[in-house]
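Each in structure tokens, the structures are laid out below.
Note that subunit A is present in both complexes that follow, paired respectively with subunit B and with subunit C.
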Partner chain A sequence: MLTLERVSKVYRVGTFGTQPLNAVRDVSLTVPPGAVVSLIGESGSGKSTIGRMVLRLTSVTSGTIAFDGRNVAGLNGHRARKEYYRHVQGVFQDPFSCFNPIFPVDRVFELLRGEYFAATPDTEWRASMRRSIERVSLDPGQVLGRYPHQLSGGQLQRLLIARALMLDIRLLVADEIISMLDASTRIDVLNLLGDLREEGLGILFVTHDLSLGTYVSDTTVILRRGRIAETGPTGEVFASPRHPYTRGLLASVPRMHRTWAEADAELDAETGPCPVHDSAGSEHPADPVEVGAGHFVGCFSNDTCPE
Partner chain B sequence: MTVEVSELRVHYRTLRGSVQALDGASMEVGDGAIMGVVGESGCGKSTLGKSLIRMDGRMRHVGGSVRLGGEELPIGDDRAMQAFRYHEVSLIPQYAMSALNPTRRIGRMIGELLESRGVRFSEAKRELTRRLELVGLDGDVLKRFPIELSGGMKQRVVLVLSTLRDPSLLIADEATSALDVANQRAVAEALVGFRDRGFVGAMLFISHDLALVAQIADTVTVMYAGRSAESAPASELLRRPRHPYTRMLLSAVPTVGATIDERRQEGIPGSPPSLLDPPTGCRFKDRCPLAFDQCETRPPFVEVAPGHRVACWKAE
Partner chain C sequence: MSLDTAAVTGQGEGPSGRRGLDDLRFALRNPKLLAGGTVLLLLLLTAMVGPFFVSGDPNAYVGPQFAPPSGDHWFGTTSFGQDVFTQFVHGLRATFAVGALGGGIAGVLGMLVGFVGGYRGGLVDEVLNMVTNIVLVLPAMVVLIIAAAYLEARGLMVQGLFIGLTTWPWAARAIRAQTFSLAGREFVDLARLSGRRSWRIILREVAPNMYSYLVMSFILLFGGAVLIAAGLDFIGLGPTEGVSLGLMMHHSVTWGSLHLGTWWWFIPPGLGITAVVGSLYIANVGLDEVFNPRLREL
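Presenting the complex of A and B:
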């Protein structure tokens, strides 16, 4: 459904934009229908930039992003773009900043109606709005007509997902949508994503938190400085991480029943040579190499690797 | 020195009445111990941290006491607290980025701060560089501006700065929450290292992240709606939680490697009560699956096992 092919993004930084900053480098990935792909990385790894490029909020420097085979960057005209957003929507980190504090929360639905459902009769619109809100396990009577400050972050975040669901949505870009929520409501939003996945929605789930990234995800993509360090089926990547960066990341994540010292002891096992520069002769020398079924590992960028 | 917080009540004054943000929080931190304080947003954990060092204008000390090594802290008296701040009670704020003055070099800023607290910078400088080296920072950072350091480095500078006078109580309020995992671990381990070296007496590590607290805390207090719900040694609390809230909170946190396909985890239904007009009795009763008639009266915070205190009628 969504395919990224060698996508790169270069920002211009410094005085008068004289210095290039490679935020994303040669990233290729696919999001099939009914699957959750987690983009995991630290700050500055380019994970949000990828989400923004998919949503056309940032331009692509090189490479292609295709949705159902059509290049997303090449969508011309208001009509084509609007059609794209009918199928692809985003939800972001801070739900409070997505609502106008001086209007009731219904406003986000009204704006959507003006754009996409102008011809729908009032009763039909209200019924479908209530259905959509019930689908995200909220009680319409409790949330409609309220102001943003009267609702919790979890409720607002679910309302934004409900808003996206009113459209004929097939891909959801979820950029850190649970980082600002409390532990007790986080899991509800994650379960909701799991249910939507069952219904055939493709989800690009951007997060910095490894434990949240595994809970609902079929494919994991670990990003490091804009490049893919490791990608593969989630269980595979977490059970047998090959890239030293992934292993270090996994050892640093605080866990409830394992101390950091125990994690370090496991880490000491030999990582082996860089698979990219060990297997000579690949077409693009920096491309990730397949080490298991669907499990790719990028260059280790250690001392022995040529840059 | 040990820190005893007993039945501390701090309310916020608002136009609509007083918000009972902290309404009977009790805990005890031993000398050289790290106490993790966890809870959802609005449970009063940050109010607790602020009350112990400086109350802002909206906060009012309503009842209860805080004792530091047997001596009562005058927390409601802004002027009397001045003698304790920095020297005895110190704080690491959540956003070190905004705690450092962007227009001063770090060395000059620290100097000004020390002089304002009656400490000669030239006397403290040797110890300052030694401690910076302990957390892996070069003495050269003193010549830099805050913008030249990464988030993790700034957080470590703040850690060194706030513990320079060997405070008896250090309050770390979400000190590592804005950092990514590798930096978070480095700062958390530096905190433990400073405790081991005796630079800080007792430490309150306030965080929303149970897994992180489990890594570094000796004891953990779980707070709910302004009150202590459960307090126990860290391993005991994780293995044998007794309060229904703690149990539900623990089962709502996904661990690394857990997936929805293996086991679907559930959140806690409902939301915390409004503290403007909180319910009587146990404040968790509306969300609690075990609630019964007796929950209409407030359960006492009692010891059920050595060092393990719970505020629940059903905890045995």
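Presenting the complex of A and C:
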């Protein structure tokens, strides 16, 4: 459904924009219908930039992002863009800045109504809005008509999810949507995402939380400095990580009955040679190499790698 | 005037969140706003209604020459026997007209350039910013003098137009900066994801967050336009026909009323201009206090 093909984003920084900053480099991935792909990476690894590019909020420097085979960057005209947003929606990281502070929170729904449901009768619209809000386990009476500063971050974030559900979405870009929620509502929202996945919704789940990544996703993409370090079926990546960065990440998860010394010893033990530079003769020299079924590993970019 | 973000983003301190009502309550309690507003309203009323009561050509010779204020001629007469009060009322109207026109044109231009540049960014912003800076460094008064000197027939409209075309840059720059910071917020992204068109996002999402600032910009532009017009009139480059407060002062000085001691000829127009601009500025300070919670005297 959604396909990213060697997508890169270069920002110009410094005086007169002379220095290039590679936020995202040659990222290729696919989000099929009914699948959750989690993008995991540290701050500045380019995961949010990828989400923004998919939502057309940031331009793509090179490569293509295609939705149902149509290049997203080439959507010309307001009508085509509007149609795209009918199917592709996003929920952002910071719920407080997603609401215009001088209007009640209902405004995010009114915007959708004005653009997409102008012909829907008022009672019908209100009913479906309430249903959608109840679906994210909020009480419509408690949140509607309030101002953003009167609600908590978790309530606002769930309102944003409810807003996205109003549309006929097929792909949801969820940028750290769980970060503001407390443990009890977190599981509700995760289960809601699970239900939506059953209905065929594809989710691009951007997070820095490893446990969340394993809980919800079918495919895991580990990003590091804008490049794919490792990608594959979630079970596979977490069971047998090959990239030193992934191994380091997983080793940093505290576990029962294992000391940090043991974890470090395990980490030092067997890091094989960089598979990218071990296997000669691929078309693009720095592309990730397949090491298992659907399990790709990127260049280690350590001292022994030629780059 | 402070560009305080708390005031601009409108995170009012009202516990109930009914910001409009809160603002109104603070507005009615603010002495500066009340005083400035009252004086301004009185003057405006005089300018709008006055000319219907004081009918006749303000430049007609109606009375004795150099008559001091009396029951017949409230503000006295000029050296030609023109009634100063009639001139004052008509001149006040011209002053408000030129302020509204000049301030209005400058406000619209400033908002247009500021919003588009700040929201679009990139090359559009570069070009608009360049134009803004060029107009900003133009010595506006000199340009106005040259333009006014070359125009054969000058009217209020032309004067207002020229003032409007030269005074917008600072407003554009301030609005651009505000728009920049607001356009980076995620609620603007969300509006885009809702399929909104850019101009509607600017008008309905970005602009409401800075209404207070826009109102104050307009007030300052209005006052500036009145002052510039008075200056132009005073040096004899005002409207070639009709009457304005600046023109009255110009004539009074030209015909030696300073030496002759006919104070009733130049005091009313001078006081009129001072009252209009002064009340505007005091009201502006009051408005600033109303909109900006940190300046409120609680």
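In this section, the second predicted complex is superposed on the first by the 293 of 307 C-alpha atoms of A that agree within 3 Å, B and C clash if a C-alpha of one lies under 4 Å from a C-alpha of the other, contacts with A are read in each partner's own complex, and residues count from 1 in each chain.
Throughout what follows, contacts are C-beta pairs under 8 Å (C-beta built on N, C-alpha and C of every residue); 3 or more make two chains touch, one makes a residue touch a chain.
It should be emphasised that the depicted structure is a prediction, and the values quoted were computed from it without experimental measurement.
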Which of subunit B and subunit C A:108 touches, first, second, both or neither: second
Which superposed partner A:150 touches (first subunit B, second subunit C, both, neither): second
First (subunit B), second (subunit C), both or neither touched by A:120: neither
Touching partner for A:71 - first (subunit B), second (subunit C), both, neither: neither
Partner chain in contact with A:55 - subunit B first, subunit C second, else both or neither: second
First, second, both or neither for A:194, with subunit B first and subunit C second: first
Footprint overlap on subunit A, where subunit B in one structure and subunit C in the other make contact: none
Contact set on subunit B toward subunit A in their complex: 40-41, 151, 180-182, 184-185, 188-189, 208-212, 214-215, 238, 248-250, 252-260, 264-268, 271
Footprint of subunit B on subunit A - complex, ascending: 42-43, 152, 182-188, 190-191, 194, 208, 210-212, 214-217, 234-235, 238-239, 248-250, 252-257, 259-260
For the subunit A and subunit C complex, residues of the former touching the latter: 55, 57, 78, 81-82, 85-86, 89-90, 92-94, 97-103, 108, 111-112, 114-116, 146-147, 149-150, 160
Contact footprint of subunit A on subunit C as seen in their complex: 9-11, 17, 19, 185-187, 189-197, 205, 208-209
